[in-house]
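Everything below concerns the one structure shown next.
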Amino acid sequence: MRPSGRTLEQMRPIFIETGVTKHAEGSCLIRCGDTHVLCTATIEDKAPSFLKGSGLGWVTAEYGMLPRATNTRNRREAAAGKQSGRTQEIQRLIGRALRAGVDRVALGERQIVVDCDVIQADGGTRCASITGGWVALRLAVNKLLKAGAVTSDPIVDHVAAVSCGIYAGQPVLDLDYAEDSEAGTDGNFILTGRKRLIEVQMSAEGATFSREEMTKLLDLAEAGVADLVEAQKAAVA
Amino acid sequence: MRPSGRTLEQMRPIFIETGVTKHAEGSCLIRCGDTHVLCTATIEDKAPSFLKGSGLGWVTAEYGMLPRATNTRNRREAAAGKQSGRTQEIQRLIGRALRAGVDRVALGERQIVVDCDVIQADGGTRCASITGGWVALRLAVNKLLKAGAVTSDPIVDHVAAVSCGIYAGQPVLDLDYAEDSEAGTDGNFILTGRKRLIEVQMSAEGATFSREEMTKLLDLAEAGVADLVEAQKAAVA
Amino acid sequence: MRPSGRTLEQMRPIFIETGVTKHAEGSCLIRCGDTHVLCTATIEDKAPSFLKGSGLGWVTAEYGMLPRATNTRNRREAAAGKQSGRTQEIQRLIGRALRAGVDRVALGERQIVVDCDVIQADGGTRCASITGGWVALRLAVNKLLKAGAVTSDPIVDHVAAVSCGIYAGQPVLDLDYAEDSEAGTDGNFILTGRKRLIEVQMSAEGATFSREEMTKLLDLAEAGVADLVEAQKAAVA
Amino acid sequence: MRPSGRTLEQMRPIFIETGVTKHAEGSCLIRCGDTHVLCTATIEDKAPSFLKGSGLGWVTAEYGMLPRATNTRNRREAAAGKQSGRTQEIQRLIGRALRAGVDRVALGERQIVVDCDVIQADGGTRCASITGGWVALRLAVNKLLKAGAVTSDPIVDHVAAVSCGIYAGQPVLDLDYAEDSEAGTDGNFILTGRKRLIEVQMSAEGATFSREEMTKLLDLAEAGVADLVEAQKAAVA
Amino acid sequence: MRPSGRTLEQMRPIFIETGVTKHAEGSCLIRCGDTHVLCTATIEDKAPSFLKGSGLGWVTAEYGMLPRATNTRNRREAAAGKQSGRTQEIQRLIGRALRAGVDRVALGERQIVVDCDVIQADGGTRCASITGGWVALRLAVNKLLKAGAVTSDPIVDHVAAVSCGIYAGQPVLDLDYAEDSEAGTDGNFILTGRKRLIEVQMSAEGATFSREEMTKLLDLAEAGVADLVEAQKAAVA
Amino acid sequence: MRPSGRTLEQMRPIFIETGVTKHAEGSCLIRCGDTHVLCTATIEDKAPSFLKGSGLGWVTAEYGMLPRATNTRNRREAAAGKQSGRTQEIQRLIGRALRAGVDRVALGERQIVVDCDVIQADGGTRCASITGGWVALRLAVNKLLKAGAVTSDPIVDHVAAVSCGIYAGQPVLDLDYAEDSEAGTDGNFILTGRKRLIEVQMSAEGATFSREEMTKLLDLAEAGVADLVEAQKAAVA
């Protein structure tokens, strides 16, 4: 019944390749089915000015999509002269999510910038960005640990995300574009490796949903994130 | 234990004054405690170009905050030359929420723009904007009905929103600014008059939360929205 | 003969309500007939950089209009990405006018920002902004005096403004929108409480005027400003 | 007593050279002392969209200043990414002034754009722009008349402008930069060839002025504009 | 003597992988040593408006660099709100170069947009973009031919580019970043498959060069482009 | 055969008038036929921040074109809100060219900004800007030398530029607009007084060229630049 032939609770295949760019302190290419995101983490010695003297670190994210990552070409945001509301909303979400998995005292007064650039899109780009962004962040922090720049590990847990939705009346896990564009209700679920919730965003466009449906989607998401965390572990091993 | 002395499940006083500006097709000033938002609805004969020929209507929203609505003055976005990511995220949310309560076929190929301008802020401005924005929308649609421009009512249900969060370890309803700035977890809950969910946004900054906590906040939100819907009914009566 | 039924030299009713927002150091809502402007004054400890070390203070103003303050909705300037030439011209005028009533040495090296946001427009918004802006400024300065931050009063006189014009061949006082949009010649007159002139801006669009007409309009303006100063005195008493 | 040694009522030397650029329909270089402005008039077949079908023409103006027209270099507005409030205010003024001398019915549904670019500045650039802009406009309209594109002359009178102010306690005509930067009160006066007033802008920064002073400045301005009109006549003869 | 150990006339290894994104009409990832560029070609049914009715087609290009493609992170242009002068200069060059190899009559009134996004940079990104961009363009045009949308091949020849420069006093082929940042003189050479010149850009920063040096660099470039054309042939075979 | 009647190797008449604006440290109006560019040089005590503490100076350039410098009016870049890619490309070129003739150690840690504003355009504006810009720079540096601010002359040689192209199948020198808009191949050649090359930019739009043609254009350019250098010498004598 799903366009891809997957079962209701079946994730797309997940591949995470690390070390894909020679310059970044941490990097990976994450592929969740046909959604491919290049994630890099950059360590900056200075924290943002609002943290000056606080001893606290910061993790922030930027998100972009190559113009032809999608089925029809999107206008390049740099040419348009501004990031869309959607882009800004997504990159704020990624940053918030990653910070929830970080001990900012242990990180010390520095900043890590995670760039998530969508090479190819097929739904779920913000979730793939969070899951892959965590891998890039983990690898960059490993460098800090190895260099003795931080002494205790600032990463307190995995952070991963998956989308779920009501498609053709059924709760399904890990929506691809064909499903996402049809789903009346969908949500993004960000969890830690210990299954604690970081962010839940459920939204209906032109429809509404019940608490029972919400519960079912949360169940699916918990299972999906467990798979993603396994993939993260394998990637950074 | 709450800074305001309210009980855990106590809303702030709600006042909705309608007809506050002579030009708009629908308008209200909503006051949720010290959060005051002026909401106006403008009927435009033309729908956005992506709907041309579809027969479908559109409801959209814009959000702004006067520079001194807050404790320290914020830079005026018009002077800064762009709307912040936060502003864009909020106005996209308001628009999505209001559309969920509208039958876009019945509305016909026109657009209603709901402007929500925060006169004074004390937490919960996006929720107050949604609740007050619905009242302005309802009043504008009443004009369309009265004029015979639409024949069946495009408004299918009330839409209202409230924030809840974990403050000092306790789930509390309707966060004010003092609570919001301290809460590790908080969420915005948008529901219909029939208690169907439209959007749930729960988020932790520097913390995580459990499914049990989420359930408790949803219980609080359901009760809070019921009060808001009563206030809406009284206002548009 | 005037659309409103007023006599040629009759002002619209003036109401000034102070203390309308809890955050600002000074605030008022001024209503000149159907023109309603919310004015707030914010005290900033730092003067602009061009005054660094001069010992002189600064008063500046920003002006905005809510999108639906007018009969048809105007595009939100924050969304448009810039302030219009008209907006910039008006806010420069307000700032200049208020500074003319201030002893910048007595104010000391700090800045007061006066925000004038038009809630509802019916002609004369810049004049109402100046008159109401002065009240907000007066109240903010009172706080400085009470706190002992300034020792002699930096406010040297009232500042108030009114528009006049040639409507249907007759000189009339305090133009409303219906008159303003028809008047071939109109002007804004800014005076002090002692009837000294601060700024005179007379302008003809598609017409010209004589020195005699100019004299008559000045006579009207002097009388109108006297009424406004009385209203200011009552408001800040 | 004036820095330049001029008498109180003495204008700077005025030179207007026409036909200074081969492309424009009308052009001149106006020199008022050390203030030099290049003015060009461009005829466009289409009127602005708000006049479509009205049969009315439009005259508009744009103003710019070369970065090193002034004593210290100003940032290029094109590089800054926007026109300053001052620039917009000036170009709106020039456009309004020139339109006051034009019969827009006779002009027909077309637009004339007058560009005023300051090559060298020494005070009074907006006045020189208006006076020189009128010459460029006159020459462009002459082309329309010669080509039979308009049948009756759309130019109804000369338009010229001069600044006056209170310098060192004395009313003086045609302020140069040294005077302008010291004058507590100054004004721009735009008149027709028949001495009708088009626009009067008197303004005090950090001071106030009396009606008597205003009268004296108007007397000076009338005399100064008469000289400018003579120079215009000679230039377009 | 070269940092990479290459001989003076030795190119970096070239790999061109085609079909790297499922959405674009043509795509490749070109790797010239450590410079990696993703090139996609998008076919648009409409030509730019300045070609309306001309029967001529258009090829244009856009260029971007991921923030961490370089050794230190560059600010994202979309976040900065504009494309740098360097970016605009490069994308204009790519577009011009590709158009030189296209018969715009045979292409018909449509547009092909070539996006070149630098994934990893090590010098020569504009040359790699041209060489890879041609491959993407070739593949997209193949689709047009296969679909019968064009009847004769609009591609008239290969287009490829290489940089050369004077490094440590010696003319060297295919500069990498270590060389490029030290070279006093360098140039970009764009040639066709038949060794005709399309564009030559030689430039000295803080030095000058002789016609003899120019001749030597041209000799190197001819040989280098021949290698690139072979790689293109293999890729599109 | 040339539209202007010139021979193939004939330059347009060159006039360079110095001291054309009283404020700039160096200035000239250069006229190459009907192309007229006003060039000013401004000395700034501070070098750009990236040179702080280096002891090195900087020369940079900005380029602009008055809206009606061309046959049809161009949109004012300040009004458009950004400099076009073409403008940025040109001003980067001018700056690079002028720096090639400067000893940045001898200049010391200061900046000279050369503004080139096109008053009237007839092809070759970037070349005229370089040739005239050098004159303005030379005059400004003379002031530094005279004032003893620099002790050895930072100007190491003349810098001048000319365009050449293949017009109607023939190599021609110093293209005017009528030729430039028809030429399939053209180039800009920047040389020193000693005939060393600084920059060569040859480009074909919709055509290609041979090395033989390139050689012929270089021969023409060498001769043309020699004439320009003579004109520079006369101007600054």
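Side notes on the structure shown:
For clarity, chains are labelled A, B, C, D, E and F in written order, and residue numbers in each chain start from 1.
Simple rule for what comes next: contacts are C-beta pairs under 8 Å (C-beta built on N, C-alpha and C of every residue); 3 or more make two chains touch, one makes a residue touch a chain.
Since this is a predicted model, take the numbers as computed values, not measurements.
Touch-path distance (fewest steps) from chain E to chain F is 1. Ranked by separation of Cα centres from chain C, the top chain is E. Fitting chain A to chain F on Cα positions gives a rotation angle of 120°, stated in steps of 5. A straight line joining the Cα centres of chain B and chain E is 51 Å long.
A straight line joining the Cα centres of chain D and chain F is 33 Å long. Counting partner chains per residue, chain D has residues 81-83 touching two or more of them.
In terms of inter-chain touching, the protein chains here make up one closed cycle, each touching precisely two others.
Order of chains round the closed ring, starting at chain B and going on to chain C, comes out as B, C, D, F, E, A. On the chain E side of its complex with chain A, the touching residues are 21-24, 27, 34, 38, 40, 42, 44, 62, 64, 66-71, 73, 76-83, 87, 113, 115, 117, 119-121.
Listed in rising order, the residues of chain D touching chain C in the complex are 82-83, 85-86, 88-89, 91-92, 96, 99-100, 104, 187, 192, 196-211, 214, 218.
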